[in-house]
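For reference, the structures are reproduced in the following blocks.
Below are two complexes that have chain A in common, paired first with chain B and then with chain C.
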Partner chain A sequence: MSTLTALARIEAARTGSAQPLATVRHCHLGEQPLVLIPLKLSGEAAAPLAAMVGTARKDPALLVVAQPRNRDLRFGFAAELAALVLSYVESRQAGTETVPTKDGEGRQRYSDAPQVLVPNPGGITFLRLLGRSTRFRRIDGPYPVEASVPLLGRWLTWLCDRAEQPGSSVLMPMTSMLAGHWATGQSTFEDANLGALLGWLDPPEGMTGPQAALRAEDPLLCPPAGPTTDPGFDNEELAPLLAAYDRAPADQARMAATDRLRRALRRQLEPTWELMWRSIELLRALPEGAHVTGRWEGDRESFTHFAEGVPEGFPQAKRDSAVAAARRLIRLERAQDELDVQRALDDPLVMAEHRLTGEAFAGIVVAAQPDRLDTTGKTPKLRPYLQVRTSDPLRVADGDTVHNAGRKGQKALVVDVNAGTVLLELSSGMGRKRVAEPGSVPEVGDRVCFTTFAADFHRSPVLPPLEQTPWTHGGPPEAYVPGDDEAVAYPPTAADALEVWE
Partner chain B sequence: MTDLAARLDRLRGDAPARNHDARTIAALTTNPGCGRRGLMDAAGIDKDAVARYLGFPAPFGQSQFAIARGNAFEKQVKDDGFAELFTLLRERLGLPVPQVAIESLDEVGGNHGSELRHAQTRRALARALAGDGSTLFDHPLLRLDIAGQPAYLEPDVLAFRLGDKFYVIEIKSFAIIDGQADPEQVAAAARQSAVYVLALRRLLTQLGHPATAVSHEVILVCPENFSNQPAAAFVDVRKQLSVIERQLSRISRIDDLVAALPEEMTFELGDGLASAIRAVEARYAPDCVSSCELAFFCRDEARACGSTDLLGIAVRDDVGGVETLATALGLADGSLAPSPEQVEIAAKLRLARLLRAQALEGVA
Partner chain C sequence: MSVVEAVLADLTESAERAIVVDSPPGAGKSTLVVRAARHLTAAGHSLMIVAQTNEQVDDLIDRLAGADPGLLIGRLSAANYQASERVEAHRNVLVAQKADAFTDRPVVIATSAKWATLTEGSWPWAIVDEAYQMRSDMLLRIAGRFERALFVGDPGQLDPFSTVDVERWAGLSWDPMQSAVAVLLAHNPHLVPHRLPVSWRLPVSAARVVAEAFYPYTTFEAGTSAAERRLEFSTRGMAGAYDRALDEAARSGWAWYELPARHTIRTDAEAVQAIAALALRLLQRGAVAHSERGSSPVGADRIAIGAAHRDQVTAIRNALRGSAAEEITVDTANRLQGREYDVTLVLHPLSGRRDATAFHLESGRLCVLTSRHRHACIVVGRAGIPELLDAHPSTEPVHLNVPVKFPDGWEANQSVLAHLSRHRVAADR
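Let's look at the complex of A and B:
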């Protein structure tokens, strides 16, 4: 957090309504996101209880496990969910585009990718565990499951892995999406409740933000967004309903019990379903940030790559090897850096945070020498001078390199800093000639913004091959030995097949 | 009965006293500076009943499924004379566990009184240290001086003796999946266990043994993956121990808190309850909601006085510790003259306000 965000929160608390933290949307929001609200049985790691799923607000599918302690019913649920998720994934593979390659032949990339929206980070944790508990299932041998179940596990695992990547939009928790764009007058702790958060953002007619948030904390009026259910609901509604299902003597009674259970769970899920779609409306109303398309392209790239490997490949390993973990960490850190820079460039409100700390400054060009040449070297070089007046706190000093936020790749050298004016010498981003390309050098009167950071290219560090993993990192990972319980990849071991999922 | 104990009894009124449990210990370790909670816990007051009476019921229901799951797992680990537990200790942790003798300490001849039970725990451990007692103690009742006042801890743990070393064993029903468990739950368990380690160490010191006789490694027993099979792991709680010891030494002393209150004051349910509670200062933080029954009452109070505490410690730090929303906004729009120590943050807030306004007008 920063003083700027803190101030926005304080303003929200005083005025009773949320304050913007962004002027553009920093995440992709496709035409057809898949909204998925999972519920689990309290006290269990990942025993599903119900889910509301769908791409259309008017037409949610409700999946229910009539007895979460029954293994067959749980895997039945997984198969039902698989049917929905896999057909959604498939529908994202309808169109492709050609990406040029070095050999000139080009390759295909899907022009879309799945986008799954869950209410909160807990939803992702649950999907990760559901993925872990299904991807090693066997379709033959003891305890066989439907073929779609392990496939669902692999796709869920891909989604959850990808969700770790900063800036990815394939699987996102709604609370984080909203909290990234608006500040409420409550703490981040309370923002984790989707109903309370949305209460601030979009209170019902006649209510203030804090009133709506308070109302949303009452589990009877606004059931929790999962994956854990309200304990009151568990004790007073769910427990008797599950007991009735267990007691039901015949198929018909069992169906009636299931119906009652479905109705109760629908009542728990529907309010959150509405909250999800209202949130989507709010986010859609924001214009998309300029770099969002590029990051979504990364998601489509990853989607294409993973989809290509699915028919032949194995379920993802339980743990990364040391080298794979190092590689993943580097990738995530780089994505975070990139995201930070891109958000600032896309959004003046985010840039304001950097201006406040002195990592960037904005101002007006008060003098310019657009055709100045540096003649000290063998050949004269185009090095225009700009004098920028700013009221921002300045942390730059003579000799620093800064980057023009309004023109990608344009660098400048700080020549002189003096009482609110900065003299800059532009060194790139003006074309290759001795006269600048038209429009490439800011003119007197232009508003400009320069940053001390930029989306730089990083060279990947060289990592050792697997068999040379140093002893500090556990040494080379053991090769897969059939029947070995600790083997990481595939095929699943006997122990995996026996995991009872309770 | 000391003076202080009598005052605390009066504060509690006729209600039965409550021992410290997992939740009060969590609150103690996450927000030790809260005098209100400290005093009420020291007096053994049922904060849940108080909160309910005041119209701010605590949001802590427990699902019967979670309870059933926890009990079933604990039973499984303890069944057949702790057979599964000992297998784990031997095979997973490689401990050379010899023949064991188990002693249950959760009652003394049908009596569940705290003092009696604590005395029994003390005797049992003394025998064990002398070399002819049991090796596994179920539900020991420990005592820890908190804020100058003895507090009984009702841990749902086991104390296990191996040679001349004691280990705290905690059975939890959250799963360890592929060698990893939910970090938040592990951290909470570690904090809790550290309190028990500390209490056990104090007891051993009283019995004339070195504190190091209680291992700083606690043994966490959890279900593994998606099964009911227990797994065990050592958790090093040295860090938590030093944090708790420091917090306990800094805590406002209960006798000072009590001395500042009117003689006749009581927290008994009744008309004067809210004002009596307001007389003791609280230190509200948003995450109180996860560990203290009174949190919603304190939140309401913080809201009424427009405190920056409402928004969390990070926000408060970002505005240089300014206490109220009104002050922060006043400094930001220049309507309030900053005090000498506020000059720096005031300048920053004014600039922040200006930059926000510029960005929102679309003139970056």
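Let's look at the complex of A and C:
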């Protein structure tokens, strides 16, 4: 935990209300996110029990599996969920924009992308398992499922894969979003409870943060946000209701039992549904960070690319090959580096953390030679001098390169550091002429901020092709031949339709 | 036949594509690399050498070029690399950015990151230094460049790390987050690593402690006797706790300078101040190190201060600024890997913390910090770390197919603390 975060937490504990950790929103929040609250049957890895889904606060859809141990019903649930999710995905494909390409023809990119919000990281884990259990299913043969079910699996897998990428906004857990923007006076473990977290952020009238958080720990007043259910509810309500469904002698009785189950599950889900929308309101009130649009563009790019491959493609592989794993890890790490830099540039409060550790400094320009030329080389080069006075703890030393946070691509060399003043020699970001472009060199009296870090340009990594996987990594994988119990192509064929359970 | 001879014999006689050599701290890893390189070139092979940082590459060049001034060495580097003095001093070293420049040179050496940018070219042999520090995805990127390879490294040091926290590859034999050697051995299970059995760096007082805590099943011994290593001061100490800690370190090779228990932020001002004062006092008292290499004063260049986090390093550097101790190396465990000093001062990774995370419990971190010294190691920290450890047993998830790693960081920490408690000097109130 950084010093400023620790301070914010102490302050929150002292005052009884949450403290901001950010001044802008660092994630995209679309006009119409799909809120999805999954519940699973306890004791099972990924047996869906219920879900509350929708894009409008007033109009949640409630999906229920009357007997989660019955696999037909489970995949019936998957088909219902698929209808909602797939139509939402389709609605994001309404508009496109043209992206210029090298050949001048341009290509199309969707101007929107799906955005699914779940209460907590457990929700993502559950969706990943649900995606894994549905994307290889057959639509004909011995245990057929509806055509939309494997398709749902592929989309859920795309969402969960994409969610691993730092800075992506297509699938996000609400607790992490909130905890990234506000500090509470409780532990990070307690912050994982959406109700308790929101109690600190937005306590009901007349309550302090700690009181509201304590109230949220009562599962009767504030049922867990899933995917795990409250054990008390499991024993006292759910078990008798499932037993009643199993015992029901006829369709009518079974429908009545299902209705009772739906009412009970609605009571479990509705409080969380409200919490999700209140959280969205809180996040919407923050202005969006400057780099968020760019990161969302990456999400839309990935969405377009994946959507194009859906009709003819295969379900995603069960595991990454050695080459694919290495490529993905490098991509994730670069995204993380980029996110860290962009968050600091977008948000003075995040930058303050870096200023405290000496990785950045901010100050006032007290002297400047904007037209200074370096004449030591063959041709004179524009190298303006800036003297910056700062009260930040300084870690830079002579010869370091620093980057102007206020002007992308502007680098400077540290010439001298002396008791709170830094002499800088600007070396780029001023145009190509011998006189700087107007406005490109900070003037005396300007407030500037320089960082020791910057978003580096990375060339794409050189990796061997799959068929040249080296001997150190097991050699090239054998060509994939679908087993008797596996389907690979979409749409799956009837030839070998058996269930895959791993 | 010694282990080194066996390794050299394997290089020319064995049919294996890979040879792995495990080396505990200071067991002559660099010497082995130099000998292996000369052995291979003498047999007429050309080879590539892979190290992990520019610093390590330059160190290796210095040793290799010095050992064999007739050997032509190519140093492949990035465009912004500036040759260090110790590289420029050798006339048999050529620095270039493209491998084409080295067609006549039997040895080409570069960092793994630089090797990974090559798309063609192949060498019959590679020597991979600090192979346990290299990540498996890096090996994947460079493995196409060589036919056979010698992997040398210290399994007890820090594992390679990643800035992202993803579990999707856990249990895969080619998990890109694993070290290069772990993945190599997983795919070539018949390979049996050689082990260098003697540490020439660590004194007797440290070899046993480090071996027990961090190498429980692959123990090693000190190459020197207790009588050969001695640390003494030119001036007598005064009554203060700093001097008592220094005297304890000189006498026994270890000192645990204990501050009163307290929860602090990472850059604990009192601990930083204590470590800076101890370093300065060590210089002021004119320490002299007597060893098998003769006697020499312990100057600022023979002392290092290690910490877990970069901000702690910055704070300590700031505390030393302007004093006689300013020239002392202060760095994180990652950067101190592979380095050697006479005396080290360590800010204990768990000092003042409220919790013990996997990062702070990692055995490699403490192992690096407590195994850099030839004479003495002084650890500074707050009281209450054993209680903190007891309150935070490791809770890392266990994954199928992932081999259990020894030693366990929690246990290694306890083992070192148990030893340090016998050399405790409490801070003055």
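One rule holds for everything that comes next: the second predicted complex is superposed on the first by the 482 of 502 C-alpha atoms of A that agree within 3 Å, B and C clash if a C-alpha of one lies under 4 Å from a C-alpha of the other, contacts with A are read in each partner's own complex, and residues count from 1 in each chain.
We take it that a contact is a pair of C-beta atoms (placed from the backbone, for glycine too) under 8 Å apart; a residue touches a chain by one contact, two chains touch by 3 or more.
In this text, all values refer to a predicted model and were calculated from it rather than measured experimentally.
S.K.: In the superposed model built on chain A, check whether chain B and chain C fit or clash.
M.R.: On the shared chain A, the partners clash.
S.K.: If we overlay the two complexes on their shared chain A, which of chain B and chain C does A:P393 touch? Say first, second, both or neither.
M.R.: After superposition on chain A, A:P393 lies in contact with both partners, chain B and chain C.
S.K.: Check the residue A:D337 against both partner chains and state whether it touches chain B (first), chain C (second), both, or neither.
M.R.: After superposing on A, A:D337 lies in contact with chain C but is clear of chain B.
S.K.: For A:R137, select first, second, both or neither according to whether it touches chain B, chain C, the two together, or no partner.
M.R.: neither
S.K.: Output check: A:A6 vs chain B and chain C. Expected answer is one of first, second, both, neither. What do you get?
M.R.: It touches chain B and chain C both.
S.K.: First (chain B), second (chain C), both or neither: which does A:T472 touch?
M.R.: It touches chain C, and chain B stays clear.
S.K.: Between chain B (first) and chain C (second), which does A:R154 come into contact with in this model arrangement: first, second, both, or neither?
M.R.: So A:R154 meets neither chain B nor chain C here.
S.K.: Between chain B and chain C, which makes contact with more of the residues in chain A?
M.R.: Looking at chain A, the partner in contact with more of its residues is B.
S.K.: With the two complexes superposed on chain A, say which partner A:R319 touches: chain B (first), chain C (second), both, or neither.
M.R.: Touch partners of A:R319: chain B and chain C.
S.K.: Which partner does A:R25 contact after superposing on A: first (chain B), second (chain C), both, neither?
M.R.: The answer is neither, since A:R25 touches no partner chain.
S.K.: After superposing the two complexes, find the one stretch in chain B that runs into chain C, choosing from 78-86, 168-176, 222-230 or 312-320.
M.R.: Stretch 312-320 of chain B has C-alpha atoms clashing with chain C.
S.K.: Return the residues of chain A at which the contacts from chain B and from chain C coincide.
M.R.: Overlap of chain B and chain C footprints on chain A: residues 3, 6, 319, 393.
S.K.: Chain A touches which residues of chain C in the complex?
M.R.: Answer in residue numbers: 17-18, 116-119, 136-137, 139-141, 143-144, 162-164, 166, 168-169, 172-177, 180, 183-184, 187-188, 265-267, 310-311, 314, 318.
S.K.: Of all residues in chain A, which touch chain B in the complex?
M.R.: Answer in residue numbers: 1-11, 13-14, 20, 23, 41-46, 125, 129, 132-133, 185-190, 210, 217, 228-232, 234-235, 238-239, 318-319, 348-349, 351-352, 355-356, 362, 391-393, 447, 449, 498-502.
S.K.: Which chain A residues qualify as touching chain C in the complex?
M.R.: Chain A reaches chain C through residues 3, 6, 164, 166, 319-323, 325-326, 329-330, 332-333, 336-337, 357-358, 393, 395, 459, 461-464, 468-475.
S.K.: Would you tell me which residues of chain B are touching chain A in their complex?
M.R.: By the definition above, chain B touches chain A via 59, 61-70, 173-175, 177-179, 182, 223, 225-228, 286-287, 289, 303, 306, 308, 310-312, 314-315, 318-319, 325-326, 328-329, 332, 348-349, 351-356, 358-360, 362-364.
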